[in-house]
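What follows is a pair of complexes built around subunit A, which joins subunit B in one and subunit C in the other.
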Partner chain A sequence: MDSRTAVSSDRSKAPPLLAGRVARWSSLGGNRMARLGLMGVGVAAGLALLAPMLAPHDPMQTDLTRNLLAPSWDHLLGTDQLGRDVLSRLLHGARVSLGIALLSGTLSVVIGVALGALGGYLGGWVDSVVMRMVDVVLAVPRLVLLVTVIAIVQPSVTAIVLLLAFTQWPAPARLIRAEILSLKERDFVEAARALGYSRTRILLRHLVPNALSPVLVAATLGVSHTVILESGLAFLGLGVPLSWGTLLLSGQANLLTGAWWLSVFPGVAIALVAIAFNLVGDGLRDALDPRQEVRL
Partner chain B sequence: MSNLLEVRDLAVTFPGHRGSEPCAAVRGVSLAIARGETLGLVGESGAGKTTIGRAVLGLVRPSAGSIQFDGIDLGSMDQVGLQRFRRRAQIVFQDSMESLNPRMRIGDVLREVLMVHGTPRGSRPEEVRALLERVGLPPGIVELRPHELSAGQRQRVGIARALAVSPELVVLDEPVSALDVSVRAQVMNLLLTLQSELALTYLFISHDLAVVHHMSDRITVVHEGKVVEEGPPDVVLQQPAHPYTRALTDSALPWTVRM
Partner chain C sequence: MRRYLLGRLLLAVPLLLALATLLFMLVELAPGDPADLLISPGMTNEVREQVRTNLGLDEPAPVRYLRWIAAAATGDLGFSHSRGVSVRVALAQSLPNTLLLTGVSLVLAFALGVGVGIVQAVRQSSWIDSVLNLFVLTFYSLPSFWLGVILILVFSYGAQSVWEWPIHFPASGATSVGYDLMGPGERIVDRVRHLILPVGTLVLVMGAGVARYARSALLEVIREDYVRAARARGLGRARVLFRHALPNALLPLITVFGLYLPVLFSGAVFVETVFAWPGMGRLMVDAVASRDFPLVLGGSLVFAVLVVVGNLVADLLYAWADPRVRYG
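Coming up: the complex of A and B.
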C-alpha cells in the first residue's frame, strides 16, 4: 500500500499539515464515552479550582443550631452534624482529593519514567537495581504499608502524596522500560548512534517521547484508582480534613439517623470522578494505540 | 588510488541469550574500498552483510580483526576521534519508516544533525534547504512527520540526514529494497548523482543482484559470514567461480542479472 502511494506522490506535494496529531486527538473526541469522561474530569477540575468562589458557605463554619438539615434551597446538599454546609465542603474537598490524586500520580510518573527509562536504556547493573527496587515495592501489600506508615507519621497532604507516589511508581517504570527495550533496537536509534548523538540526547529526544503513550494511559487510569484509594484511607480515619473520604466517614455515623445526604453526595462524587478518569484513560488508549481500530 | 576503508579479518560474534550458543555473524572478512568507489556487498539474508556494515561504522564491536578508515584504526579512536569519524562515515537504512523518529518533523531531524555537529544556528535553515534540494525534496516537507511522507520521500530524507555531516563514506544498507520499482530507479539514480557530485564512497549492501550490478564498481559475495568471491560485477555475476555465487545468480531471474 505504502509503495503504491509512493509511485504517485514521490516528489509531489506533501499531505496536509498536522494530519496525524489532529486525527489522533479527534479520534479521542469521536469516542463518545471518552468525551463524556473528559467533560467529567473538566467539570471536576473546574469546580475544584473555583471552589472558593462557588462555595455558598465557609466549609469550616459550624452552626450547631442548623445541624443535620436535609437538602434545601439554603443548603443545596444539606448540613452535617456541626451545621457545616455539605456542598461547600464537597467543593473544597475536590481540591484535596483531586489534588492528592493528581500530585501523587504526576510524581509517580516522574519517578517511574526516570528510573524505568534509565534501566531499560542502560541495562546491566542499573537495570537490575531498578527492577529489584520495583520487586521490593510490589512485594509489600500496598494498603498495609499505607495504613501503617500514615498511622505513624500522622496524615498530611505531603505524607499521603509521597506515600502514594512511592507505592505507584513501579507501574510506569515497568511500562516505559518495556517500551524502551524494544525502541532502542530500532533503526532510528541506530542512526542517532551513527550520527554521534550523546546517550542523553538519544534517551531524552528519541526514546522517551516515543515510549510515553502507554505510560500516559496507565497514569490516567491510575488517577481514578488513587482517588478511590485515598478516599478509602480517609474513610479509615487516615485522611486529611475535607477529603471526600473524610466526609464519607463523618456521614457514616449519621447514616442510621437518616441523614443520607452526608454519605451519598461524597460517595457519588468519588464514583463520578473515578469513572470519568477511567473513561478518559480508555479513550486515550484507543486513540494512541494504532492497532486497536474498534471504538466504543 | 588509496583505500578509504580497509577491513582485515573482521569477525563479529553476538553473545547468546540465556544459555543459547553465541552467534558468529561474521567470521574473518577482509575487504577494501578505494576512495570514490562503490563496493557491492551481496549475500542472502543472514549472511552477515548488515553486521559488516554496522561494524564498519563502529556500531557493532568486532570480536577480532581490524577496521581502518583513512589509515586510522577504528578501535584506537578516542571520543574526539570517534566523533570526527562520525562526520566522515554515515549510513542509510532499508526501512525508511523504521529509520526516522516517528515523532520528529523532517526539519527537526535535519536540524538536529546540524546542531550536534556544530553548524551555527543562523545558517541551519539555509543548510536544511540545501540538503532537501540536493535529494530532490520540496522545502515545505520540513513541517511534516515521517508517516505523512511516501516511502520514496522518506528514503530521500534518510539520505539527506546522512549527507548532513558531509561524509566521505556512506554505508547503504539495502537502501532501495523496500521501494517499488519506479521509485527504486529514481533513488538509485539519485545515489549515483550524489556520488559523482560529492565524491562519495559507497559500501552498497543488497541481496538484489540486478541492483548491485547497476550500482557497483566491484562486488564482494559473502556467505555464512565469509567472503566467497569478489571482483568486477560482470565477472562475478556472469562467470561466477564459486558454487555459492552460481547458486545465487541461478536463483535470480535471468533477465534481471543481465540488464
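Coming up: the complex of A and C.
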C-alpha cells in the first residue's frame, strides 16, 4: 500500500516518488533558461559524438607552412603553432573533456551515494569512519592533491577520471547522508520496518530514491566544475592531448605573438559548456525545490 | 565556548596527521629515486650510496616517515633541492605573496558578491535581477586561468601594443624590475598595478559564487515569518532588510567563507601560474614539475593547515555570531 494514502498527518507522508519527480522535472520546460541549458548540453554532446564526421581537418595533421593562421574560411577558428586546425581540435577535444567530466562525475556519485547512504542509515562506527574519510579528503585543497598525484602517476584518462572522482565523492556523500538522516525518522520508514522489510530493502528501495534529488542537482552543477578543473589541470601541463585545457596551454605559449584565437576559442568552449550545465543544474534545483515567489 | 573551541582544536590534530601520512605515502609511491637528481651519470656507486646515506634515503620508509613527522612538528620540512634552500625558507618567501593576493581578493569578492546578491534579492525577478544573473552565471562558469589570459590579452598586450591605450597593466610578477630603486610612494603604486589583473581575475570568478549564494540565502530569509511580521509592524523596507533579514542571511556566509578557502587557493594556483606571481601556488606547480618532493610535501601541508585553520576560524566566528551553535 502506498504510505501516502495510509496515514493522513503531514509528517508521515513519504516524499513524492520518483515518477512524480520526473513529472515535475518536466516543469523544466517552463523554465526558459534551463531549457536553453539543456539544449546547450545536447548540442555539446552531439558535437562531441559526431566530431570525426564534423571536423573539417585531421586534428593531429601538422603543416608547418600553415601555422598560426588567423581564422579564415579554410580554418574557421585558425591554426596553431604546428599548423593544426583549431576547430577540428576543439571538436575532438570535446570528447576528451566532456567524457572525463561525465565519467568522473558518475563515478563520484556512485561512490558518494553508497558510502553516504550507508553511513547515514547505519550510523555508529560506519558513519564515523565515512565522515572522517570525508573530512580528510575535504581538508586538503583538491587542486593541490590532484596536481601532486597526477605529477607522480603521470597524466592519463584513467588516472584523471579516478582522481577527480576520488576527490569529488565527499560532496554527494554528505548530501545523501543528511537527507537520509532526516528521512529515516519518518513514519513511512517505520511502516516499512513494521511490514518486515529488510534493512537492505528499506535503504535501497525507500530511502535512497527519495534522497537523490539534492545529489542530482549537485552532480549536474559538478559537471561544469569538473570541466573547468580538468582543463585547469591540463593548463598546468597535467592533462591528456586534445583536452581543451591542453589547447589553452598552447594558446598561452603563443599569447604574445598576437595569436588570440588559440586562447579565446578553447576558453569560450569551456565556458559555454560550463554555463549550460550550470543552467540545467539551477533549473533542476528550482524544479525539485520550488521556492515561492516572495517580495520584501 | 571554551569547551567548543578545545573540541574543535583537538579534532584538527588527528586530521592533519592523517593528511600528512596520506601525502607521505603518495610521495613514497612516486617512481624514481630522489638521489638520482643529485648525481651526474659519471659518478660511482659509492658516491651514490654516500648521497643516499646523507639524505637518509637508505633507511626503511617507516623510519623516514617518523623522522619526517617529528621534524615537521618542529617546523623543519627538509631541504628543497630545486630552490637550493630549506623548504621552510622557500615557503616563507612565497607565502606572504599568496596571502596578499588571496586576502585582497577574498575581501573584495565578498564585498562585491554580497552587494550584487542584495540587489538581486531585493529586486527579485526584475530586469536588474535577470541581467545580473546573466553576468553572475557567466563569471561563475569561467575558468579563472582563461579569464586571466584574456585580461592579459586585453589590458596588458592589447592595451600596450595594439591599441596603445594610455593605461595598461603588467602581465607578470609582483613587482617591476627596478622595484628596489623606487621610493616608498612609487613602490605602493607599482605593487597595486601588479595586483590589479590577478586580483581582478579572482574577484570576478569568486565574487560570482558569493553572489549566487548571497542571493539565495537572502531570498530564503525574506520568506520567513519574522520578516513579514516586521513589515506588518510598519517598519520600512530598508530597515527590515538591513536590520532583520540581512544579518540572518549572512550568518551562513561565514561558513561559506570557510568552505571557500580551498577554492581560493585553487584559484590562486592558476592565477599565480598565469601571472607569474611568486606565491605558494606557483611554488607548488614548479616543485611538482622538478620533482622536488620535500617542497611538494611541505607546500601541501601548509595549504592544508591554512584550510583547517580557516575552517576553524569560520566555525568560531559562527559560534560567536550565532548563540544557537554554542548551546545547541
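Convention: the second predicted complex is superposed on the first by the 266 of 296 C-alpha atoms of A that agree within 3 Å, B and C clash if a C-alpha of one lies under 4 Å from a C-alpha of the other, contacts with A are read in each partner's own complex, and residues count from 1 in each chain.
Here is the rule we use: a residue touches a chain if its C-beta (ideal position, glycine included) is under 8 Å from a C-beta of that chain, and two chains touch if they have at least 3 such contacts.
This structure is a prediction, so every number in the text was calculated from the model and none was measured.
Peer 1: Between subunit B and subunit C, which makes contact with more of the residues in subunit A?
Peer 2: The larger set of subunit A residues in touch belongs to C.
Peer 1: Is A:Leu279 contacted by the first partner subunit B, the second partner subunit C, both or neither?
Peer 2: A:Leu279: touches subunit C, not subunit B.
Peer 1: Does the superposition put A:Leu256 against subunit B (first), subunit C (second), both, or neither?
Peer 2: second
Peer 1: Quick one: classify A:Arg32 as touching subunit B (first), subunit C (second), both or neither.
Peer 2: neither
Peer 1: Could you say whether A:Arg201 touches subunit B, subunit C, both of them, or neither, answering first, second, both or neither?
Peer 2: first
Peer 1: Please work out whether A:Asp135 is in contact with subunit B alone, subunit C alone, both, or neither, and reply first, second, both or neither.
Peer 2: second
Peer 1: Applying the touch criterion given at the start, work out whether A:Pro209 contacts subunit B, subunit C, both or neither, answering first, second, both or neither.
Peer 2: The answer is first: A:Pro209 touches subunit B but not subunit C.
Peer 1: Residues of subunit A that sit at the subunit B interface in one complex and at the subunit C interface in the other, please.
Peer 2: none
Peer 1: Which residues of subunit B touch subunit A in their complex?
Peer 2: My answer: residues 54, 57, 59, 82-83, 86-87, 89-91, 93, 95, 97-104, 112-113, 116-117, 136-138, 140-141, 143-145, 147-153, 158, 161, 165, 178-180, 182-183, 186.
Peer 1: Under the touch definition given earlier, write down the residues of subunit C that touch subunit A in their complex.
Peer 2: Residues 15-16, 18-19, 22-23, 26-27, 29-31, 121-122, 124-125, 137-138, 140-146, 149-150, 152-153, 157, 162, 219-220, 222-223, 227, 231, 237, 240-241, 245, 261-262, 265-266, 269-270, 273-274, 284-285, 288-289, 291, 296, 299-300, 303-304, 307-308.
Peer 1: Tell me, which parts of subunit A touch subunit B in their complex?
Peer 2: It is residues 2-7, 9-11, 13-15, 17, 19-20, 186-188, 190-198, 201, 205-206, 209-210 of subunit A that touch subunit B.
Peer 1: Quick one: in the complex, what on subunit A touches subunit C?
Peer 2: So the residues of subunit A in touch with subunit C come to 132, 135-136, 138-145, 147-149, 151-153, 224, 228, 231-232, 235-237, 248, 251-252, 255-256, 258, 260, 263-264, 266-267, 270-271, 274-275, 278-279, 282, 291-296.
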